[in-house]
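Step one of this worksheet: look at the structure below.
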Amino acid sequence: MQLLHRHPHTEIIFATARSAAGQPLAEHYPTLIDLPLIADEEADPATVDVAFLCLPHGAAAATACRALEAGARVIDLSADFRLHNPEDYLRWYNQEHPYRDLLREAVYGLPELHREQIRTARLVANPGCYPTSVILALVPLVRAGLLDNDTVIVDSKSGISGAGRGVALKTHFGERHENFSAYSIGRDHRHIAEMEQETGLRIIFSPHMLPVFRGILSTMYVQVTPGTLPAAMYAAFEMYANEPFVHVLPEGRLPELRHAVHTNHCVIGLQAVAIERGEYILISVEDNLIKGASGQALQNMNLMFGLDETTGLL
Amino acid sequence: MQLLHRHPHTEIIFATARSAAGQPLAEHYPTLIDLPLIADEEADPATVDVAFLCLPHGAAAATACRALEAGARVIDLSADFRLHNPEDYLRWYNQEHPYRDLLREAVYGLPELHREQIRTARLVANPGCYPTSVILALVPLVRAGLLDNDTVIVDSKSGISGAGRGVALKTHFGERHENFSAYSIGRDHRHIAEMEQETGLRIIFSPHMLPVFRGILSTMYVQVTPGTLPAAMYAAFEMYANEPFVHVLPEGRLPELRHAVHTNHCVIGLQAVAIERGEYILISVEDNLIKGASGQALQNMNLMFGLDETTGLL
Amino acid sequence: MQLLHRHPHTEIIFATARSAAGQPLAEHYPTLIDLPLIADEEADPATVDVAFLCLPHGAAAATACRALEAGARVIDLSADFRLHNPEDYLRWYNQEHPYRDLLREAVYGLPELHREQIRTARLVANPGCYPTSVILALVPLVRAGLLDNDTVIVDSKSGISGAGRGVALKTHFGERHENFSAYSIGRDHRHIAEMEQETGLRIIFSPHMLPVFRGILSTMYVQVTPGTLPAAMYAAFEMYANEPFVHVLPEGRLPELRHAVHTNHCVIGLQAVAIERGEYILISVEDNLIKGASGQALQNMNLMFGLDETTGLL
Amino acid sequence: MQLLHRHPHTEIIFATARSAAGQPLAEHYPTLIDLPLIADEEADPATVDVAFLCLPHGAAAATACRALEAGARVIDLSADFRLHNPEDYLRWYNQEHPYRDLLREAVYGLPELHREQIRTARLVANPGCYPTSVILALVPLVRAGLLDNDTVIVDSKSGISGAGRGVALKTHFGERHENFSAYSIGRDHRHIAEMEQETGLRIIFSPHMLPVFRGILSTMYVQVTPGTLPAAMYAAFEMYANEPFVHVLPEGRLPELRHAVHTNHCVIGLQAVAIERGEYILISVEDNLIKGASGQALQNMNLMFGLDETTGLL
């Protein structure tokens, strides 16, 4: 809402909510103090050009369908349209996909990889927070054919906002402050499905929860062809040379969370471990709430409506 | 539990719980990993020498009564027995006090003020967290007759553990981290009743919630007889000269939260604002979970059972 | 730099630095990753329309003089031109003011109070962080003639960024994290001079350092005419009804730090303590780095150059 | 100092310091408020039974030698005596080891692995913080012969206290709060030498700095014989069954930082990734200041002087 509110070419027509219906948004998000908008319980998608869906997976698909039928274009922040293969959806989300046709039509909304398809898409599946940071770091090596092993270990650390705003003991201040923990490690987390779809790799994924509100830092251990020099690695990342939101740091520098928080940037660094063995480490950072969610959604909207891709995001 | 567990002269016979009944304590408090105790739903108070009650006010009184009848002595950490006057209880807690007899018998468990009564008490009302830090700072000035105005402004800041372990939006990490707020300011917070009972003053009280887990720092604005020199102020605090847990810092030094967290100490400092006007500021710090709660309870237990007052607390 | 960088009508011509001269700004401020600017040791003020000075007090005055002579307008974020009376400067800053003429000319840059003068000023003294939050809250009561006592107690809590970026033990993570402390309390802090100049009141001021990076919350204890109703208090704040950056919350609601951080807003709330005694508490929050410093500087720049006052700040 | 101060069988004879010489310890460590000890610049090691050395590597060796000659036993918290092979010392610390004889005599002070040698040692090399958490997790698998690959990836996350108390921009609150970063990743960090010496493995090590003060969580990716069942893994950890300070969590549970902070415990958990491929993840937590430093030093002291190993540590 904050990004849309200050975007020069958007007008917010409505916002819907369940438990907060009828209340001013500013009561829940104090920095929206200058946005006098009341949350509705229901709204007519025919009144808007584009609808952003922030519903749980499973619930988003039907709403997306309804909005599309009403003539709105849709940017869905849930996982409902991210996996092209309905079998993958069944396996990772434990339910049949209810809209296989829409699944075929949906575009995976990572602009750096699928920009042209996004421009004309009616339905964009906004990527997950972890996958954005991981896919952007790994795809250049895949495309350059440098990887020597199809399994990659991804050790990610995310701020607590990734767990959502629901009240639960696990997000209680007393449980998280001064704490740090791993969860769903190995082959358990659903975001693995997106990472594997977009990279073609096998991912071992260990998410951890940092005692900060926002930001993701992913540490990735890759095995490339023994003897691959750093120059060849950096050359693979040249594909991002003109990207406004993906930055690769020069040799010897690694990104920190603060490179990316409160921005739409994804910043990537790399470090050789043992060149003769082909061992490298990649580090990628982003703000899980911006490049990993709403900022990327706005970037997609800009593309879909022919605006400058960076509008409202710099 | 941690303090009791490492106290050399106590044996924990049982712990009771509602929602966690049947579960090992260590599952909820990981640092109790070496205490193999399962929470019970019910327990027989006749099997213990002393029962510590950590129930909501209103619920504690009946349990205290039952434990006393079974022959146990009781240290109650709720507010049920802190106010001597049942009218005060009615006014601040909106209900008639159900055990007026016990109210008369109960001792307010601030050892530095009521040590002798505590030694022989059957029922000790453990003080509230804010009142401990405030009363210890103000009573010396009251006893020395230095105050020139019976209204004192107390601006207190507490860690979030003061809000308890219940899940609620207000204790969600995302709402508290990097945040700071006031609540129940003015004449609203129930702890005012204890402060006024023990000091005889009128208190304007503004509690705030710090983005830390533990600790209270109270800033108090007092009006003393114009011309009162710092030496006279410090002389009033001489009453704590031999106290193991109350420390007054020398002129020019003010306590910080870290003087007190993870200890049973209350540390007090003072600063003249304008001597000719009699304006002074007092600052007092404590750990709200230790000197403001369980540590003080243990200090009371030590007194009640003839142990060295500092056992298990240094 | 971030605010200027994304302001639609500014071009950053140079940035100067001492120890960081010759280095890209992005190395020190990672989120400036898309601003390819190198810090200069020296620069020619004749090449710019306006110079922002972020120098220590004492050092700023001479640079301001030089920039003005070169034809630039100046927004000075130091304390050098905030106090109109050179005697006040001598008393609070322990040195004779070196540019008394400029002192007479300088405008105190609080737009809500001095908007018209700022528009035409050559030299604007950007207010201190604490004074902004305090003056905006107190002036309405002064103007409405509601105050019954000229001494006001101000208990302020600031994020650590207020202490600057210099390395020192007091800003070491280990000293501040999970800590909270008061400093320079009473009549000691230099910001009192600005507060008293702009309000005409006598201020007892207790700053505290919060374990957060940014934000100030000030709790103010005022004595108004006994019997003054809340409606009369709120009426005094009507002077901000059309202000884009000052917001007064409705009765029953108090601002929290998160109302203001990362914004240029100052948000004010009030609470009656005892109407019959005329006791009220005001709470005011702002981001010390934005409304309390650089955001306000930009707001002043917008006014000085005839731009919409909110440009680049919403 | 805090642990020694409350240990029932120790008397602190002196503490030495450079910049803080002549000052009370409590001025630097406020919770030592009840320890009236002044730091000395020099002290006579002949007056003590055991000396704890907390000097930089390089500086510790000579002092250790002097203390041993004076008849004291020595527990050295630096890296000077941790590596048995002087060639390793030269390679990792870039200097010839000045006391090769003492190097031969020194015992690596990890009680769970070298308890008997520690009992009689004159000179104990207290392990590094990261190595303690890593070695305790990996050695059981090494001893059980389960590992199928001699390279292990260790992704560690440490609190900021690991960077010491020196003032530097990197430990400034503003640089660390809400931040997270990797440093010295790959084959760069000196603690690799200890890990490899004690495990016989090749370690890829990525340390990261958490925005908390204390605690280390290490995530380790091991390759064991394909098909190895969790039961075989847990069986290897039976070697810790009677250890007071090493705990292995049951299947399905992973340790969090808060299992270990403020305790001398190391808590280990494990998770199968793909049993048929032999992929497992281990997670190990400790308090870097206690089990990773001073608590382990005290544990060693207890062993060296025939005391119960847990004295002063529970």
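Each chain gets a letter, A, B, C and D, in the order it is written, and its residues are counted from 1.
Criterion: contacts are C-beta pairs under 8 Å (C-beta built on N, C-alpha and C of every residue); 3 or more make two chains touch, one makes a residue touch a chain.
Remember, it's a predicted structure, so these values are computed and weren't measured experimentally.
Asker: Taking each chain's centre as the mean of its Cα atoms, which chain lies farthest from chain B?
Answerer: A
Asker: Indicate the whole-number Å distance between the mean C-alpha point of chain B and the mean C-alpha point of chain D.
Answerer: 37
Asker: What whole-number Å value describes the gap between the mean CA coordinates of chain C and chain D?
Answerer: About 47 Å, centre to centre.
Asker: Which positions in chain A are in touch with at least two other chains?
Answerer: In chain A, the residues touching two or more other chains are 175, 178, 211-213, 255-256, 258, 261.
Asker: If you connect every pair of chains that touch, what shape comes out? Choose line, ring, star, complete or other.
Answerer: Contact pattern: complete, every chain touching every other.
Asker: Enumerate the contact residues on chain B facing chain A in the complex.
Answerer: On the chain B side, the touching residues are 160-161, 165, 167-169, 171-174, 176-178, 211-213.
Asker: Applying the document's contact rule, which stretches of chain B touch chain C when the two form their complex?
Answerer: 153, 155, 157, 175, 178-183, 185-187, 204, 206, 208, 210-215, 217, 219, 221, 254-258, 261, 271-274, 279, 281, 283
Asker: Considering only the defined contacts, which chain D positions touch chain B in the complex?
Answerer: Residues in contact with chain B: 6, 30-31, 33-34, 178, 244, 247, 255-256, 258-263, 265, 267, 314.
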